[in-house]
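Two complexes follow with subunit A in common, the first pairing it with subunit B and the second with subunit C.
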Partner chain A sequence: MTTNELTRGPVLPAPASGYRSRPAKKRRPGTSRISSLRALVWVLPAVLMLAVFVYLPLAQNFGFSVLEWDIYTGSQSFIGAENYRKMFADPVFWHALANNAWYSVISILFQVCGALVLAALVEGLRHDRWKQIFRVLYFIPSAISLTVAGLLFYFIYEPELGLLNAGLERLGLGDLTQSWLGQENTAIFAIIAMSQWQGFGYCTLLFAVALQRIPSELYEAASIDGVGPVRRFFSVSLPLVREMTGLMMIVTVSGAFQVFNEVMVMTTGGPNNSSQVLGTWLYRSGFVRNDFGYAAAIATAIFFITLSLALLQLWISRKRRVEW
Partner chain B sequence: MLKVRQIGLAAVAAMAVTLTGCGSSAPQETADLAAEPEYSGTLSILTKFGGEPLESYFSDLASEYMQMHPDVQFELIQETDQSIKDKTKTLTASQALPDIYFTWAGDWAANFVDAGLAADLTPVIEPGTEWGDTFGEASLSAFQYDGKYYAVPLYNNGKFMGYNEKIFTELGIEPPTGFDELISACGTIRDAGYEPIAFGNKDGWPALHYLQQLFAYNVPQDTLQADFDPETATWEDEGYIRSLEQFSTLVTECTGSGADSNGVLYTTAQQALAEGRAAMYYQEILEFDTSAAEGTPLSKDGFGIFPLPVPAGAKGDPGAIEGSPEGYIINARSERAALAADFMEFVTESANASTLSAPPYGQPSAVVGAVTADSSSPSVVKGIEMVNDASSTVIWLDSVTVPDVADAWLAGGEALISGDSTPEEILSSVQAASEASK
Partner chain C sequence: MVKRSTALGVIGSTFVWAFLLALAVVVIYPLLWMTLNGFKTNAELFGNPFALPVELRWENYANAWNRGVGNYLMVSVLVTVTSTIATVFIGAWAAYGLTRIKIPFSRTFLIVILAGLMLAPTVALIPLVRMFQALGLYNTFWALLILYTAFRIPFTVFLIRAYMMDLPVQIDEAAAVDGASRARAFWQIILPMCKPIIVSTVILNILFTWNEYLFAMVFTSGGDFQTLPVGLTNLMAKHGTDYPVVFAGMVMAALPMVVLFIAGQRYFIRGLADGIGK
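Let's turn to the complex of A and B:
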């Protein structure tokens, strides 16, 4: 079977009656080419914008990553893969990568799995008023800018005056109080916790929209068959929001590898580089250590990590697409 | 296939554009400071006076200058202490430095001098010239490289322990003169219910300020200066280990936050002193008028200062004080260099220097005679006198060393406070960073 046959579909016999289908309108020669050109003109501005603001900087960044660049004199010298060799031998780079990995794993747990469960619970409420109230309540943190949320949580975590330690003291859990952002073993997790608080509501809202799109007949049929709420969630809701789940996974994981603001505001990567993530280490390498070539190499690594994760997830979610 | 080839060609073209700069540097131009200034055009200035109460200083002076020279306009870029680092580097990388820009002394200024981005001000500002003689010689020499002067020093600075006089009097404590005496006083103060020394190291550099002063005391001066130079640095003197141990003792015995200090802002610590909750806080002269601002409990209790006490048996300079002037460079590539120099001369005129030294600005001008009991607060006057009388001054650790070494000290200071690294481990990481940066 050739490709043409596939696109044309099966050949049907001519009707027995005298009916004849209307002959297909003959296109004037060159019409197809004109409409193609017209389409190209329409998409050209977007393509140009993408090329100038996305692809060119990407190519430039790769160019910078093979250079030693003195920002003061402006001199640039080609050093091949030296910055990449340095990156693979840099313990802070690997620590930052591990922190990003923690960020994505915890974000998937809370912002994808947790948010989906919460959305299902909210959508399962009988009264619309309660649904609306909960949606608003969960969404409010997402309306706060990350920088503001970071500052807010900085004061919540403050070891002497902060709300968290004061609360623990009141609950008789004084032994648990500590400098959440000042200790190497807690700093990154304190930041991740803030990030979950901030992003959780947004994901819940998106899942709620996806759940609302599922035809109610499917739930009714499941109820008639005596299916309980838990089984209904796993057998009806979950498969039918798979595309949204895939999308949320991509967004969450990509976001986790591009995290920057909250770390800069809360710890600037300290103490002792314990809360560095790739974004902040890139920034520190360039703007503090004056090593812009190395910073570009880290940026290239971030690009390839997020690109491959996104492609992998797209491939997985396409393979399991469910349609109704 | 054609599309793939086209995209590939486009990418290669972009790379080629990027790589054409390899091995090249921007053409050098020399600013003509001796020329008669042409009073027209826009003068761009990058200041470190962003935010209140400092922001109005340059804008007021610019307005005054524009009244004298109506054809001159100003573009003021006012940044804070933290943001100016990024802003300066971004402008440098994009070759868009303004006509006048802020600088610290040490390695920071040396980068601009080496790259030909700082105008040689020697003909107009060296000692012996009319303008140059208005400054203290030590302030000018902080920006002297290879015998030439490259920046206009605007104000001096130094680091001192500020203390609450009422608490000290109540407890019968005299300002300590030895390091052990300080540690012992901390116990007395703590027993009385006060935090002995307020300390916040969220930004990392407050620890470096303690360390640099202790290095100046514990490490012989020649060794210290050799270690600041990346070519000769070894960082092997035992004084470094001793300083790290002393700092660790101070954090444990004297601060309220102890190992938690990495999670506390330095402004929170400053506030603890201002509100009378803490007895001491190690601070720059520039902070004095903020700590003891009018209406604060500290201003009523009385604000005193003393240098960080010298440890017994120290092998460095016991009369050294940490601090250095901060100044402004005139861009060597500026088309209005002569006008820029004229404006900076106006900024450092006696009356304007006195205004800078007085509250609310409280920035002790580098101009001789500007800091007086009439214009400045007593603590600022005393601080400047002590800096002037110091046997030597030592520049901030994070601006006198190359960035990789400064960064290793920064991380090390944090690790020492949290108890995650020993002094030996920290010094070893600094030595590795120093080797790598050679």
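Let's turn to the complex of A and C:
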């Protein structure tokens, strides 16, 4: 008999006579209701915080999206679906949506696929010390804020004092030098590149943890069969972290549709709205152009995009639980 | 056969090492550049960007501190500490209730709390602005404390609850036998047992709060009370021509989190792994 079995259940004396099954006969009809109401004390702080500061504003947002509303004069009038009609006819909205989509695609490429391969390379190293050093090094950009990373890359892209143009010139690629954040066709991609630099280490760390959980016997069996490292990756590692990869993709895409910080810091959506994303266009519409109803309509669009991704994520993790 | 595979292996591992090291340089060099620029003069900065600073001008750091970074740092520390404590206590308290106590509609409450994980803060932004203006909390410490706590509760409950479910119920029963109330069992027995996951959630919450920008910008940019991410963009706007001071400010904002991560990486990785892998 193991100690585990010893401490479990009947051997431990008295729990049954503890307060859990306290004299049921003596209990008056109202007591159980009172005690169960008292039990609510445990969840109420959390639930109330969420209800008032998360769910209530979420619901209000739908109401606001059908108003024409000037926050400074306080004038509000009901205009039905007008804000949504305006949104679907707004070229900047579609451009912002496309930028978010670019963000998702490039992030999946680098922060999911790239990070997975990278994690496999790092975990494949022989020395534990080096594994740890690389994991930590790659993560450091994720520990500094997007604001700091954004400002840093603002300077790196800066045409006069920046590293990038100076580096290109050193390499004899002077033709490629340009004002990376100042041009409509490069601004958003310069921002996305920064975000890959900042975020890939985070995903690599997560994949490294997932890969470590794969039982080492599987790798040993593969190497006995004479399987090389590349095939080992595709036929052992990849299938075993497939669900994790799916989840990471969704989390990444969801994050890509909530981008705000780095765009705000690096270009505020410019030049000429070319690097606008949904979050910054919402902000600009509400707080700069003073059109709160329209901003609320953009928020609704973000809500439905992120909600559908979250439901997809839920569905995948449900499925996984059944499989295991 | 063995020979061929070793030859291939040597070439392969050389490539892997070269790639990993090159990537490490891509990560580290910009950070190093940022740190070194914090010691330069403006003239040096606009000269050769690859040059080392002529001397270590610590006065840039002093200047950054005096031009607001000191103040932003205090605010960041205050907001981070208070909201992390509030989040972890409210979260652990709820997690205990959800895993240990018969609560009416507990399933509903659980869903209400965990569904918060799926919601994007941007969506609630506009109504929250009106709400906090009406409450008179706009541009105050309270706005950030409340928002950071509310929006971090779901993730915190998620992590701590998963950990508590693995603790045997007999512990609580034994505590009950000894005459401890539920609250006492929570504070004196269960909470200390959850220390590893509490440390993980604390680190994750500190990292989140310290670096958060959206709420910080919208809810405090009009006042004197600003956290580092917002303060840094202000420093940039106000003293935009004195770049070395801005670099010094960036280093001061980044350093605490890098140190925290390296010191607490074990707990940090555990929190991340439990958060996404379970």
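Note that in this section the second predicted complex is superposed on the first by the 262 of 324 C-alpha atoms of A that agree within 3 Å, B and C clash if a C-alpha of one lies under 4 Å from a C-alpha of the other, contacts with A are read in each partner's own complex, and residues count from 1 in each chain.
Assume a contact is a pair of C-beta atoms (placed from the backbone, for glycine too) under 8 Å apart; a residue touches a chain by one contact, two chains touch by 3 or more.
Quick caveat, the model's predicted, so the values are computed rather than measured.
K.L.:
Check the residue A:Leu247 against both partner chains and state whether it touches subunit B (first), subunit C (second), both, or neither.
P.N.:
After superposing on A, A:Leu247 lies in contact with subunit C but is clear of subunit B.
K.L.:
Thinking of the overlay built on chain A, is A:Gly74 touched by subunit B (first), by subunit C (second), by both, or by neither?
P.N.:
Touch partner of A:Gly74: subunit B, not subunit C.
K.L.:
Using the touch criterion from the header, give the chain among subunit B and subunit C with more contacted residues in subunit A.
P.N.:
C
K.L.:
Of the two partner chains, subunit B (first) and subunit C (second), which one does A:Pro215 touch, if any: first, second, both, or neither?
P.N.:
Neither partner.
K.L.:
Classify the contacts of A:Phe64 with the two partner chains as first (subunit B alone), second (subunit C alone), both, or neither.
P.N.:
both
K.L.:
Figure out whether A:Gly174 sits in contact with subunit B (first) or subunit C (second), or with both, or with neither.
P.N.:
Neither subunit B nor subunit C is touched by A:Gly174.
K.L.:
Taking the superposition as given, does A:Pro239 touch the first partner, subunit B, the second, subunit C, both, or neither?
P.N.:
neither
K.L.:
Quick check on the output: what are the common subunit A residues between the subunit B footprint and the subunit C footprint?
P.N.:
In the superposed arrangement, which is not itself an observed complex, subunit A uses residues 51, 55-56, 60, 64, 71, 160-161, 286-287, 292 for both subunit B and subunit C.
K.L.:
Over in the complex, which subunit B residues touch subunit A? Could you list them?
P.N.:
Touch residues, subunit B against subunit A: 10-11, 14-15, 17-19, 21-26, 85-86, 89-90, 92-93, 95, 111-112, 114-117, 201-204, 256-257, 259-264, 268, 403-404, 407, 410-412, 414-415, 417-418, 420-421.
K.L.:
In the complex formed with subunit B, which residues of subunit A make contact?
P.N.:
Residues in contact with subunit B: 51, 55-56, 59-60, 62-64, 67, 70-78, 157-161, 178-184, 267-268, 270-273, 284, 286-290, 292.
K.L.:
Considering only the defined contacts, which subunit A positions touch subunit C in the complex?
P.N.:
On the subunit A side, the touching residues are 7-8, 12-15, 18-20, 36-37, 39-43, 45-47, 49-58, 60-61, 64, 71, 118, 121-122, 124-125, 134, 136-141, 143-148, 151-153, 155-156, 160-163, 166, 170, 197, 201-202, 205-206, 209-210, 213, 228-229, 244, 247-248, 251, 254, 257-258, 260-261, 264-265, 278-279, 282-283, 286-287, 292, 295-296, 299-300, 302-303, 306-307, 310-311, 313-314.
K.L.:
Considering the complex alone, what residue numbers of subunit C touch subunit A?
P.N.:
Listed in rising order, the residues are 5, 8, 12, 16, 19-20, 23-24, 26-28, 30-31, 33-34, 37, 45-46, 48-50, 90-91, 93-94, 96-98, 101-104, 106, 109, 112-113, 116-131, 146-147, 149-151, 153-154, 157, 168, 170, 173-174, 176-177, 207, 210-211, 213-214, 217-218, 228-230, 232-233, 236, 243, 246-247, 250, 253-254, 257-258, 260-262, 265, 269, 272-273, 276-277.
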